[in-house]
Structures are given as C-alpha cells and as structure tokens.
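Order of writing sets the labels: A, B and C. Residues in every chain begin at 1.
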Amino acid sequence: MEFTVAQVAAMLGGEVKGDGSAKIKMLSKIQDAKPGQIAFLSNPKYEQYIYTTQASAVIVKKDFVARKEVTSTLILVDDPYSSFTALLEEYHKLISFQKSGIEQPSFIGDNSTTGKNIYRGAFSYIGTNVKIGDNVKIHPQAFVGDDVQIGNNTIIHPGVKIYSGTRIGNNCVIHSGTVIGSDGFGFAPQEDGSYKTIPQLGNVIIEDNVTVGGNTVIDCATMFGDATIIREGVKLDNLIQIAHNVEVGKHTVIAAQTGISGSTKIGENCLLAGQVGIAGHLVIANNTSLGAQAGVSKSIKEEGQKLIGYPVFDIKEYFKSYAVFKKLPDLNYRLRELESKVLKHNNAHSSVD
Amino acid sequence: MEFTVAQVAAMLGGEVKGDGSAKIKMLSKIQDAKPGQIAFLSNPKYEQYIYTTQASAVIVKKDFVARKEVTSTLILVDDPYSSFTALLEEYHKLISFQKSGIEQPSFIGDNSTTGKNIYRGAFSYIGTNVKIGDNVKIHPQAFVGDDVQIGNNTIIHPGVKIYSGTRIGNNCVIHSGTVIGSDGFGFAPQEDGSYKTIPQLGNVIIEDNVTVGGNTVIDCATMFGDATIIREGVKLDNLIQIAHNVEVGKHTVIAAQTGISGSTKIGENCLLAGQVGIAGHLVIANNTSLGAQAGVSKSIKEEGQKLIGYPVFDIKEYFKSYAVFKKLPDLNYRLRELESKVLKHNNAHSSVD
Amino acid sequence: MEFTVAQVAAMLGGEVKGDGSAKIKMLSKIQDAKPGQIAFLSNPKYEQYIYTTQASAVIVKKDFVARKEVTSTLILVDDPYSSFTALLEEYHKLISFQKSGIEQPSFIGDNSTTGKNIYRGAFSYIGTNVKIGDNVKIHPQAFVGDDVQIGNNTIIHPGVKIYSGTRIGNNCVIHSGTVIGSDGFGFAPQEDGSYKTIPQLGNVIIEDNVTVGGNTVIDCATMFGDATIIREGVKLDNLIQIAHNVEVGKHTVIAAQTGISGSTKIGENCLLAGQVGIAGHLVIANNTSLGAQAGVSKSIKEEGQKLIGYPVFDIKEYFKSYAVFKKLPDLNYRLRELESKVLKHNNAHSSVD
C-alpha cells in the first residue's frame, strides 16, 4: 500500500503544505518516524521532534506556526490526534482485508459457496454445504466444518477451528487457535462410577460485530435447535471458556481467562475482568461489572453492580473486609486479651461483690 | 443419513401408527420440528404441540390417546424420553463416525499403519512408526507425531496436536486445539540467574474412554519410561493444564481452566470444578470434590471431602467463615467499642477501687 | 540415532569396562532398562539392579566394585548422575534438531529466506518477506506470518501461529497451539453502549533463549513501533495470557494459566506461580515471587518480596490471616459473648453504682 500525501490530506479534509506528491507507506510516532512514514503533532510537548523528524509528512493543527525549519510536508487539520486515529483505523482496515484469492493447496467441500473478494489461505479447510459471504478472509490452516454459515467482512485468523453447524455474523474477527462449537461438557454418572457421554447436538451462534481473541473455546449447545449465543458487539479476549448453552448479551466485554459455565445467561453491557468464574444455570443482570478473579455462584438480579470476591459481593465492601482480613491475627490477639481482662475483672468482681 | 420411520421404530422396538415409509433425517423438539424430523412427547404439558407440529414422526407413550387429529406418524413405545435419548446417542455416534476415507493432501510417514474404516482429513499429518486402530477419525489439520499409538474408535478433532511417543486408548475423543505431550515445564536455576532446560523425555498415556475438551494441554513426563497418565474414563473439559508426570485417576471429572502441577496424583472419581489449582507433588484422595477456584497446596488424605478456598478446607466451614468475612469491618468496629468500654470501665474502677 | 558404548564413553571422558562395541539407542532407568539402552548407578540403594538390568551399558562411579557378576558393559566416570544428565541433554538436543528438509506440501511466500539445515514440515505456512536463520525447525501446520524474523536454532512446534511482524530470537522453543502477535484487547466505549475497535498495529519481540509452552497467547502492542517484549531467557508455561504492550523481564519464569494485563512491566528474575492475575499498567519489581492464584492490583516496588492473596500481601502474613479466617465463626461467637458479658456487667454495675 502506498499513498501520496495529497491523497491522505484529501481523505482527512486537510490542507497540504509542502510536497503533496511525497509517498506514504506507514504511520509512526513523530519521534521514531522514518522516510515514507506519516506522524502527527498534537501535544505541544512534542513540538521539538517536528524539527528533527524524518517523517515524510506530519499532521498538525491548522494554526501551527513553525519556529524553525521543518523538512516534512505538513497536513493542516482541525484535530491532528483524531485525524491520525482515523488514519490508523483506515490503515488497519486495509491491512486486515488486503489478502484475497485462493492459495493452494486449500480444501473446499461439495455444495459450499463463497462471496466476492474472498481469501482462502493455504491449508485452510472448508467442509460441505458451507455458505460464506463477501469479503471474508479464511486464513491459512483455519477449519470451517460442514453446514457452517459466515456473513460478510468476517476475518477468520490462522488455525481457527469452527465445528459443523456454527453460524457467524458480519464484521466478526476470530483470532488464531480459537475453537467454536466443540462438544459441551456433559456426562451422566452411571452406577459403576463411570460416566456416559450426553450427546451434544446444538450449535453456536455468533452475531454481528463480535471479536473473539486467541485460544478461546466456545462449546455448542446440548440439544438440537438450541444454541450457545454470543450477541451483537460482544468482545471476548483470549483463553476464555464459554460452556454449552451460554448466552452472552449485547456489547458485553469479557477479559482473558474468564470462564462461564453451562446454561448461564450474561446480560448486556456487562464488564467481566480477567480470570472470573461464573457457575452454571445463572442469570447475570445487565451492566454488571465483575472484578478480576471474581467467583459467581448465584444469579445477580440487580443491574449495575460492581462485585468481587468468592462468592462475589460489593467491591467496596470487599476491600473494606479485606483490609480487616489482613489484620486478623491482631484482631484475634486483641479479642483474647479482652476476654482475659473481662474474665479477670469479673472474677475479681465476683470475689469482691 | 436418512431412515424411514419404520426403521427407527424397529430400532426402538416400537409400533408404527401412520406412514412407516416417511423419511427421517434429524431429531428435534416437538415445538420446533420440521418435516423430515422426529420428535417426542413425554411431558403432558407439551401435548398441545402434537396437534400442530410439522414433525414427520413423533415418539409417544404406548397408551397415548389423541384428542384431535395428528398428522405426524406416531411411534408407540414404553418410555418416549428414554427412546428419544437412545436415538440421540445413536445419531451422535453416526455423525461422529460418518467420515471415512483419505482426503488429499494429507501426510503419512514411513512405517505407519492405520486400521479399517479410518478417516484422515485434508492437511492432517501422521509421522513415522505410528500405529492407528480401526474406525479412528483423524480430522483435518490434526498432527500425530512419530511413534504415537492410537486404539480403536478414537476421534481426533481438527487441529489437535499429539507429540511423539504418546499412547491413546480406545473410544477416546480429543477436541480441537488440544495439545498432548508438549514438554513439561522444567528448568534448573543457574548461578547467573538464568535457567537451563531439563530435557523432557517421557510421554503421555491416555487410557480408554477418555474425553478431552478443546485447547487443553497435557505435558509429557520428564524421564524416559515415565508417563503423564490419564486413566480410564476420565473427562477433561476445555483449557485445562495437566503438567508433567501427573496422574489423573479413573473416572475423575475436571472442569474447564483447572490446572494440575507437576507430579501430582489425583485419585479416582474425583470432581474438580472450574479454575481449580493444585500444587505439585501432591496426592489427592479418591472421591474428593473441589469447588470452583479452589487452591490446593497440601495432599488430601481423607477420601470423599468437599473442599474450597485457598488453601482449601471444608466447603461448609468456608462459607461460614466467608459470611463473617463479609462483616469484618463491623466486627472490627465492635471489638474497638468493646475495648474502649472495658478500658473506660477498668479506669473508672481502678480510680474508685 | 545409534552410538557405540565406546563413543558414549569418549563423549563423557569415561573408561569402558566390557564390550565397547555394544550399540546404544536410548537412555533408561537402571530398573527398567532393556538391551540397546544405557542407564546409570549413582545412589547405592539401587545397586541391586546392576546385577539384573538388561541395559547394554551402565554408567558407574570410577571406584565401583561389583559384588556379583555384571553383564552390562560399564562406563566408569567421576560423577554418574551428572554424566547421565549430560547424555540426556545431548540426546534431547539430537532429537529436537534431527528433522531437516522440506516436506510437501508446504508454503513459502515471495521474498522469504531460510538458513541452513532448516526443517519445514508439511502444511507449514511461511508468508512473504520472512527471514529465518540457520537450524530452525518449523514443524507441520505452523504458521509464520508476513515480515516475521526468526533467529538461529529456534524450534516452532506443530500448529504454532505467529502473526505478521513478530521478531523471535535464537535458541527459542515455542510449543504447539501457542499464538504470538494476535490483536491486543482494545475497545473504545461509544455513547450507544457499543465498542469501537482500537487498531492494534504494534508487534511482539521475543529475545533469545525463551521457551513458551503450549496454547499460550501473546498479544501484539497497540501502536506502530511499540512491542510486547519477552526478554532473554524467560520461561513461559502453558495457557498463559500476555496482553498488549506487556514486558516480561530477563530470566523471569511464569507458570501455567497466569495472565498479565496490558502495559504491565514484569521485572527480572521473578517467579510467578500458576493462575496468577496481574492488572494492567503496573510495574512489578525484580525478584518478586507470586504464589498461586495471587491477584495483583497495584505496582510492587520493593524487590524480592514473596506475595499472595487478592490483592497480594506478604505470604507469611497471608497464611496467618487465613488461619484466623478459618476460625472466624468462632471469633464472631466469642465477640458476641464478650459483648453480652460486658453489657450485663455494666448494667449490673450501673444499677449498683
């Protein structure tokens, strides 16, 4: 990818000051920038760097007045920071979707269809009866099982494994190593102490605009027609466990290494920190915030609480209790002292009374 | 897969009422069923649906008497629920084992043998001197290292990685992304603060009827001739860590994200909840039950205990202590009040005494 | 691999007693050894086995005097244990680096170069502009993205996924399923409750002599030019989460299932036990030791502490507090008793005073 400074300026609705034909390949920080790169200057603290930077272009505020010579081409805009952020997003989109075509060898089963501008990396596997939308990127070594459906603009990173029957919406990103649709953990204890496998025949539904990190696992639902559901806009980090029949509500964010047990329903706009554990068959209210390593063993009915501990309770109360926990040996000592004082006093008293 | 209602009825030892030649492809719930699907009616609460369902067949109790017209073919049995469950299991087995043959490209090294009715998916890799039994399914992108042995009827899902020398028994299921036989975490501290790798030369043995979830890791044992052992019937969930030289006893069940440190021996018929951590070189007695997020730092000698906390103790005692923990600031306050009362009183007393 | 006893003895600087032409293929314990294997005798407790072992050779102390007939060839050395350990290391190195050549099909993009004695397993994928050093082993189904650089003698196990732009040093080992360079977890909340993805454009740098276990995830840094950095000699276990912009200092060891949140900087020579969680934007001092399941929510400034709990404090203090925690119901009871005694006494008093 390569753009002229003039093209970038046009995109940002900015004005070029200097050589508009200079070529831009990459973005960088002003203090690190090299030729072919574009940087920005927003915070006056960094002004010094604009006189020494090797950046081919720098985005600056409209009213910027140079106090020394500037060799970089300038792009004048209203808000350099948000212009740069817009460029970052554009650049990220470009590199995310730049791959296209079909690398060989790759595998696609009978009766499967793919949309326009698809990428199918080498050693990727697509089963039978799969429907894949436009602009989808199936990276190398990814696996897409039979009867899977994937919407438009979704990116499946290298080595993702998607079991049969999974549905994935539009604009999703699934990172490497993640497993979607593996069997729920269901085993019926037998009289001889062994366990019989409960067949897992449901699927996983991932709605639009969902991001899933690396090496996360989302199990399928148990029964035919049931689904483990990840609602629109959910963001899942790495190494998360989502058990069978779980539902994660719209725009809920879950940090790494958290685990949700079977059939639990997480509300909308919740924030779950890392290494949280939630037991099965619970309902967690909307806007619940769970601190790191929290353990939830009962449903949370009131919305908007911030909780922590095992089992969880109010985060401020937890820290107050924990402050006393740290002094427990002292408390214990004081209690014993007091007991002996009271005992001594009472004895003394009873003898004098 | 497609069966006639008559074939299904024969399998269940049931009687057909209606069109026995109707074709069945799938199972469903009575309220959701579509043509080509079979459902069941057991709970009278659902009777209404039998008059509106589109199911091609419904399994009902022998003595079921329709109060309105039923268009579905009926299969009359003693116990519709257990008949349906039997069908689910049969169906699950069928779809689990339906793939066979060798997709190309796939890789198999010298001197490796595979049994009857094998499936080797595209981009699967089998090393040298590997022995694989009958009816084994090696799904796409799975890796089976040199000198590995796998019994009969074992399913290796897409992208599983099995290091050299691993032994896996009969009727096992290993889900996607799981790694078996990676190096144990052994490093000897050196005087300069660096660490020297302790060579990991043992292997992993997985006995019969073991299920392992997705993205779990089972490390090999350290020494030649030693093994990390997963005994018969063990069920491991997703994202579990099993370190070098661990042994997990028969019919023990371990939930997601639990970690067992090196050389620890877990007994038989234990139940470990999610996110449990167990330190190294311990012995955990049979029938031990560990609550979620429990931390075990000492061996557990008495069988049949239910434990929780870090470090663990009796689960009921834990919850009693925790109830007081939540009121610790109040306890602290009351103790201070009492101290000042006693102090005041004693002072008053000593002045009057 | 096969060596004569004489060759092994020469390597160890030992003296052969018996048939120096005997062939050795493997190492074993003296009590388990079979023909073709070499064992050692160091602890006198095991002397009995030297008279019955089938080992083709046994390494013994220089001054060993057999009290019965020994059929194995002996190799006499100063320290049998360390000689055997040296053999183990040599053997481990041999098997780790024995694979070489290019298996087909495998994929390599334009403008990528590999050094001498390389192994590229079947279904491995190397992108464009990749630079790989000498003696590097890219195992089957591994993925190496565009613009990646890998030093010499580094082993990439089956199915590892390395995103574009990652730098990996010399003598590293990356185990199966590990993901390096996936997007950091960065999302900006929007007014409508949804989240906007913050582009993740940095990379991951792994220095020399680093080992990473299986199914670990290391996210890339957020900004261009920034990196998530794993310093020289770091040892990471399985299923670890390393978020964007984290730095792990030289020779730090981290056990399984631990998670480090974004932008946190871990010092040198730290020891983190399993299932530890560390919040974002913290600094952890050198030589810090964190116990299992510890939760760190503030920076740790003093070096060399041993900490545990959530949030962490001194490990000895924690266990003292925890000992009282286990007796909290009793404490609570005693406090109430005391309160009622004092109350009764004061009442009695106030009535008599």
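The rule is short, and it goes like this: contacts are C-beta pairs under 8 Å (C-beta built on N, C-alpha and C of every residue); 3 or more make two chains touch, one makes a residue touch a chain.
Remember, predicted model here, so these are calculated numbers, not experimental data.
Participant: So that we know how the chains sit together, what is the shape of their touch graph: line, ring, star, complete or other?
Facilitator: The chain contacts form a complete graph, every chain touching every other.
Participant: Note whether the interface between chain A and chain C is symmetric in residue numbering, meaning over half of all numbers used appear on both sides, and answer same or different.
Facilitator: On the two sides of the chain C and chain A interface, the residue numbers are mostly different, under half being shared.
Participant: Once you find the CA centre of chain A and the CA centre of chain C, what distance in Å lies between them?
Facilitator: Taking the average C-alpha coordinate of chain A and of chain C, the gap between them is 25 Å.
Participant: Which residues of chain A are in contact with two or more other chains?
Facilitator: Each of 105, 123, 141, 159, 177, 215, 239, 257, 275, 293, 325, 327-328, 331, 335, 338, 342, 345 in chain A touches at least two other chains.
Participant: Quick check: in the complex, which residue numbers of chain C touch chain A?
Facilitator: 105, 107, 123, 125, 141, 143, 145, 159, 161, 163, 177-179, 182-183, 185, 187, 193-195, 197, 199-201, 215-217, 219, 223-225, 239, 241, 243, 257, 259, 261, 275, 277, 279, 293, 295, 297, 310-311, 313, 317, 320-321, 323-325, 327-328, 331, 334-335, 338, 341-342, 345
Participant: Residues of chain A touching chain C in their complex?
Facilitator: My answer: residues 26-29, 32, 88-89, 91-92, 103, 105, 121-123, 139-141, 157-159, 173, 175-177, 209, 211, 213-215, 233, 235, 237-239, 250-251, 253, 255-257, 268-269, 274-275, 292-293, 322, 325-329, 331-332, 335, 338-339, 342, 345-346, 349.
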